[in-house]
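Got a structure for you, written out below as structure tokens; questions coming shortly.
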Amino acid sequence: MSENNKDDFRIKTRKWLEKNCPMSMRGKTDDIKELFWGGENTSFTSEDQKKWFEAMYHKGWIAPQWEQKYGGGGLSILENKILLQEMSRLKCKQPLISFGISMLGPALLKFGNENQKDKYLNEITNGKIRWAQGYSEPNAGSDLAGLQCKAEDKGDHYLINGSKIWTSYGDMGDWIFCLVRTDFEVKKQMGISFLLIDMKSEGVMTRAIKLISGKSPFTETFFDNVKVPKENLVGELNKGWTIAKYLLTHERQMIGGMGGDDEKFNPREIALESFDLKDGILPNPILRNELSEYEMDDKIFSMTIERAIDEAKAGNESGAASSLFKYYGTELNQQRMELIMSLTGSSELIMDSEKNKNGYIAAKFLRSKGNTIEGGTSEVQLNIISKNILGLPTK
Amino acid sequence: MALVLNEEQQLLKESVKDFLDNKAPVSALRKLRDENISDYDDTLWSEMIEMGLTSLTINEEFGGLEFGYVALGQVLEQTGRNLSVSPMISTVLMSTTFINVLGNVFQKNKYLPEIAKGNIKICLAHQETSHFNIKDINTELKGDGDSYVLNGEKHFVIDAGISDYIIVLAKFETESNYIGVILRSNSDGIKINISRLLDDRKVGDITFKNVKIEKESVIEINDFKLLERVFDISSIGLSCEMLGVSLEAFDKTLAYLKDRQQFGVTIGTFQALQHRAAKMFIELELCKSVVIKGLKAIDSDLSNLNEIASLAKAKLGRTIKLITNEAIQMHGGIGMTDDIDIGFYIKRARVLQQTLGDYNYHLTRYAEISGY
Amino acid sequence: MALVLNEEQQLLKESVKDFLDNKAPVSALRKLRDENISDYDDTLWSEMIEMGLTSLTINEEFGGLEFGYVALGQVLEQTGRNLSVSPMISTVLMSTTFINVLGNVFQKNKYLPEIAKGNIKICLAHQETSHFNIKDINTELKGDGDSYVLNGEKHFVIDAGISDYIIVLAKFETESNYIGVILRSNSDGIKINISRLLDDRKVGDITFKNVKIEKESVIEINDFKLLERVFDISSIGLSCEMLGVSLEAFDKTLAYLKDRQQFGVTIGTFQALQHRAAKMFIELELCKSVVIKGLKAIDSDLSNLNEIASLAKAKLGRTIKLITNEAIQMHGGIGMTDDIDIGFYIKRARVLQQTLGDYNYHLTRYAEISGY
Amino acid sequence: MSENNKDDFRIKTRKWLEKNCPMSMRGKTDDIKELFWGGENTSFTSEDQKKWFEAMYHKGWIAPQWEQKYGGGGLSILENKILLQEMSRLKCKQPLISFGISMLGPALLKFGNENQKDKYLNEITNGKIRWAQGYSEPNAGSDLAGLQCKAEDKGDHYLINGSKIWTSYGDMGDWIFCLVRTDFEVKKQMGISFLLIDMKSEGVMTRAIKLISGKSPFTETFFDNVKVPKENLVGELNKGWTIAKYLLTHERQMIGGMGGDDEKFNPREIALESFDLKDGILPNPILRNELSEYEMDDKIFSMTIERAIDEAKAGNESGAASSLFKYYGTELNQQRMELIMSLTGSSELIMDSEKNKNGYIAAKFLRSKGNTIEGGTSEVQLNIISKNILGLPTK
């Protein structure tokens, strides 16, 4: 793509967005739940939201890089980057929040057959089906490959029994993509398959999990003799672990990168709101020090993301990247929330006042403790680095 | 001043432990939260009064048991372990100490026997901003003929909603002198706004508007050091509760490490977790030392109580943060859910950390006391 | 401004690595120390000059290669890895930068080509107390008819004993203006007292007593920001060397973890050590980022160079301390002996940490720059 | 012992010390090597030193608690404590520095036979024999029980081959007590014996080890077909590990306790010497913070030692004590030296100036890095705590 073409695309995109993105669909989003998630259980919360989604859908920009036959926009990496930059410049909200796009899509594109791609990808981009993720199990934890939810071969269908946990908004999902055990006799990683399950099937039940933050973004999903057609198997039988690993790397990057974006929670701004400067200096010397330590690590972490992108462009993709970002991004986010709790003192400990949105920050603080657990614990990331990058021996 | 408990104190500790394990475990806090009918359990409180827990630090001449602060500390460690909700901190630790240290004979005679008998509950209203600082006082007491009037706003007053009396820390007129006032919480001109905290307990914002104060309700503070002593003793008392919270969170985590299976083995076999657990154990041993030292320093009237109090609150503040964070992390996903109790510990921890000054406040104060 | 090396820079890095691995490994430092005949190896220096290493940051018009600071940074990373001793820091990093940024055309024409050709070595005398602070300057330049006189004392001047010229940072008369002076190190009135440092390199204390200075030797500093730029660039250069020291200490430790047997297994199998190694790896990846960002910021003239420089020196200061301490600990007893090389790394590390401001200095400076 | 008797003993002791301890034998000791170490290779450095040693020896106070028949003073624990307090009050130097008293003595008293006690204990107290310790081996490290130095049974003697490392001042020793392997067929801890070896025997050789601090306090000792009479075996054959564990616990307490005593290296004093206060506050806010953090941990560590002593008196001896003190004391000492290096800046980096005694502090700083390695690494202490105190399972 020449510089001319780039500029051209940028200008066209900007104009289109300015015209098609309603003002109410721009600006910060307090709660991701307010956005459009698609599926049968959700509907548009406003006319503008509907208009914005439909405009983007018809443009193919719900999944800009997917092929047009799947409802995508067929954009190149570079075009997609320009689109994202322009959306960010105008502060456009995401038209659709979808695990279908971020998690299932990449798996189907790489491992699915043509029928599956045709059927499911289109229903992701047009917002008809909302997908949920079914990986973890109540007793599996970090040992994901030890999963026990089983799929028995019953000739024309699989029979599913077991349960899945930590499914984000599983109670709102239409379909769920699951890792299930299809062979108990082999090494644990070798007997896993990747299956698509309609949550309206008989025998599927969900239960909301209440978190320490008081919120319930996750559910547990139970499968009691659920019948699943054989055509819903993605990839080969017993090769599901390969798909899972591929997707986990994606997920890790997403969670790690989530750290620093939340502009409303900028510790420096909060510090300057909480304390009056004395001779231009924060009056609490230790908090001042903690703030500068945090900012040092945060800024250098951003530089590291920048460098990794530049290295990748230069063809030096590092295998370390995803574990490093997952580990450091989540640890840093926890530090940030601890720092904010220190900076705000008793004012953010109050949970039933409109002044602080009913303890919004405290809930986020508690929620951040999960960052170093979900998507592979910090310990698992350190294991991966020490084994795969540093080459340290296992027993 | 041996840093060990005597037999009487040890006995008290064990009987309070048995009592609270039975009567006020975490499930009781859960019930208070979920039913949200009252701020505390009055039946539990009656039994605690019966056991003499309200009279531990009150001298015999005022109807107390005169067991001292080492004894009170053992009780608070146990309320910390069980996260038991009661007016112990507001009435017995803070307010009783305020009267013990600063009250005149008339006031001691009037209030201490009533506290000992469990007839009254008192809260201490001191803090005015979102960060504790003993010196940030703008609430003002002014002369008004034979009596006084009180004006100001207080924040983060523990048990403000259930107390019969309020002790208010104020400035006297425009002078820099501090002064205390004790008054009925239903007096004219008082407005109390109750909030629920992160740890599911209640505090109040209190506004005083031209509240009339009789002479006999004024608690004179002739020496700023004595006011500091009130807060130093209270900080050490809070450190006891923080020790209990930390010890219990650690014990629960250790039990989980021994029980939980992953990758076909008990996760307690992982050396990285073992070393982190060992370091937590060591920090807790250090915490035990500074807490008992602090309690003994109160009862023995050591002159460097201010230094020890700030060391205790700082050290416990740092350790409770480490332990509760590690507790969640080592429990993994289940630790993030309300299904088990560990989350209650981190919530109580963060509130205790902020109460009467956090790590940063106390470490900076320690440097000031040390002359650098 | 992509944070990667271009082909030319990558090539330079590799050829310098090969060169220093062969000609100036740690055994060369050991030899310098044990024989104690000269401060550095003149033959090595001649070869470095021949390779063009003295002219990397000098513009072509003054006889340089104009490769920029990204290139110089790659060289310094390699001298860090090998602990190679040479006048690179004093002459090429600090003094050349001083002249590049602050010198007038006459001075650039006079000194830069000579530096590029390797004909002269220059040291920078700035620090006066035991803690670097750009503002603590008492050395004074005074008018004296047509010329000037210089009086004062300088401390911790790197390569003072082998340099042909000295650049001195002074105050002009009693004013608050800073001023630079470049003079021959054998001028009348100069006394140099050489000391050996912890890292077996040499620095000098220099006394200036009524040293006569010609007008043309005065380097005007009209903008304090430009003086800061000299030290910011130098701090980033030192950060490159610190990165090299840290990377090599880590590599040596990692190799030891894979080799050393204890309790019948390789110690690298112990998870507690694995996690500590992984954390070190992550910190090093962060260090690489801030170092390349700093180098690019110099060459691209970014306006927030001061912020990036302090972030770099602070982060590298913290990381090099972590890595060298862990390197000794993980090597165990043998790491404490002079028999292997790892001890040289911690010694060089502590000197580099103090040079041009340590972690504390730069983090506090960062807070000031950030306006809190 | 009644209060009266205590006071009586204290007064007598004080008088005796005042009379018998020469003024030159009081005050701080810069270098432990200046004191009297006994043995054939050292002699008194002054008449006062000789006088002081002989007075103490005839009083039985070289080893105050040993029985008088072994050259001791037969003091009770309490009397010994009073003696130490009074010596400390007058700042009396130790009359004899001896690994014989601190390390070999306790082993002989508990495990030696009557002949051995008679012979060796007396020659320790009278300063005739200087003992060295031979535990560690070049390749053993933390795995002390894996030692390979072997003692073969040759009928009337053992034949020793192998080497020992980290022997303090081994080149100055007369005899060395060693752990040697006497059985290669059994579990490693079961084949170790405790042997006393005359270093003048044929085949014994020592080499000084140069440390990174530039000092050489340790040696390596080589045994090449060294013959040792069988009577030199202490305790039972192949039961040496029991003796070693007993002595290691002693050593650990000594090293852990060494942390805070060095009055000359008080970080607060150094801070106040290095910086001028500004409004009563150290001008470097981060160093101020580091200093108060260090002092917090140091003071509370002292309280912990105090508590452990009180608990022991009350009969609640904790098994954790020695590993905890070893770990925390040495880590704290390293922090202290790092802090001092930060506080002194460039002035203590200079190694050849009389002003700072040729980099005395820097050498101590480097030496402190060994504290967390010698006497059982920090990692080993954490292993012990997690296994023995916390009861965490091993694989």
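Order of writing sets the labels: A, B, C and D. Residues in every chain begin at 1.
Quick note on the criterion: a contact is a pair of C-beta atoms (placed from the backbone, for glycine too) under 8 Å apart; a residue touches a chain by one contact, two chains touch by 3 or more.
Remember, it's a predicted structure, so these values are computed and weren't measured experimentally.
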Given the two chain pairs A-D and A-B, which is bridged by the higher number of C-beta pairs in contact? A-B
Based on the averaged CA atom positions, which chain is farthest from chain B? C
Any idea how many Å lie between the Cα centroids of chain B and chain C? 53
Centroid from C-alpha atoms only, then distance chain A to chain D, rounded to Å. What do you get? 57
Where the centres are mean C-alpha positions, what is the separation of chain A from chain B, in Å? 41
CA centroid of chain A to CA centroid of chain C, Å: 44
Counting only residues that touch at least two other chains, what does the list for chain B look like? 270-275, 363-364
Among the residues of chain A, pick out those that touch two or more other chains and give their numbers. 285-286, 288-289, 379, 382
Residues of chain A defined as touching chain C within the complex: 268, 271-272, 277, 280-282, 288-289, 291-293, 295-297, 299-301, 303-304, 306-307, 310-311, 313-314, 316, 320, 324, 327-328, 379, 381-383, 385-387, 389-395
Residues of chain C touching chain D in the complex: 127, 129-132, 155-156, 195-199, 203, 260-264, 270, 272-273, 321, 325, 328-329, 332-333, 335-339, 343-344, 346-347, 350-351, 354-355, 358-361, 363-364
Residues of chain C defined as touching chain A within the complex: 2-4, 254, 257-258, 265-266, 268-269, 271, 273-275, 277-279, 281-282, 285-290, 292-293, 311, 314-315, 363-364, 366-368, 370-372
Along chain A, where are the residues that touch chain D in the complex? 285-286, 288-289
For the chain A and chain B complex, residues of the former touching the latter: 136, 139, 141-143, 146, 165-166, 209-212, 214, 274, 284-287, 290, 334, 338, 341-342, 344-347, 349-353, 359, 362, 365-366, 369-370, 372-374, 377-379, 382
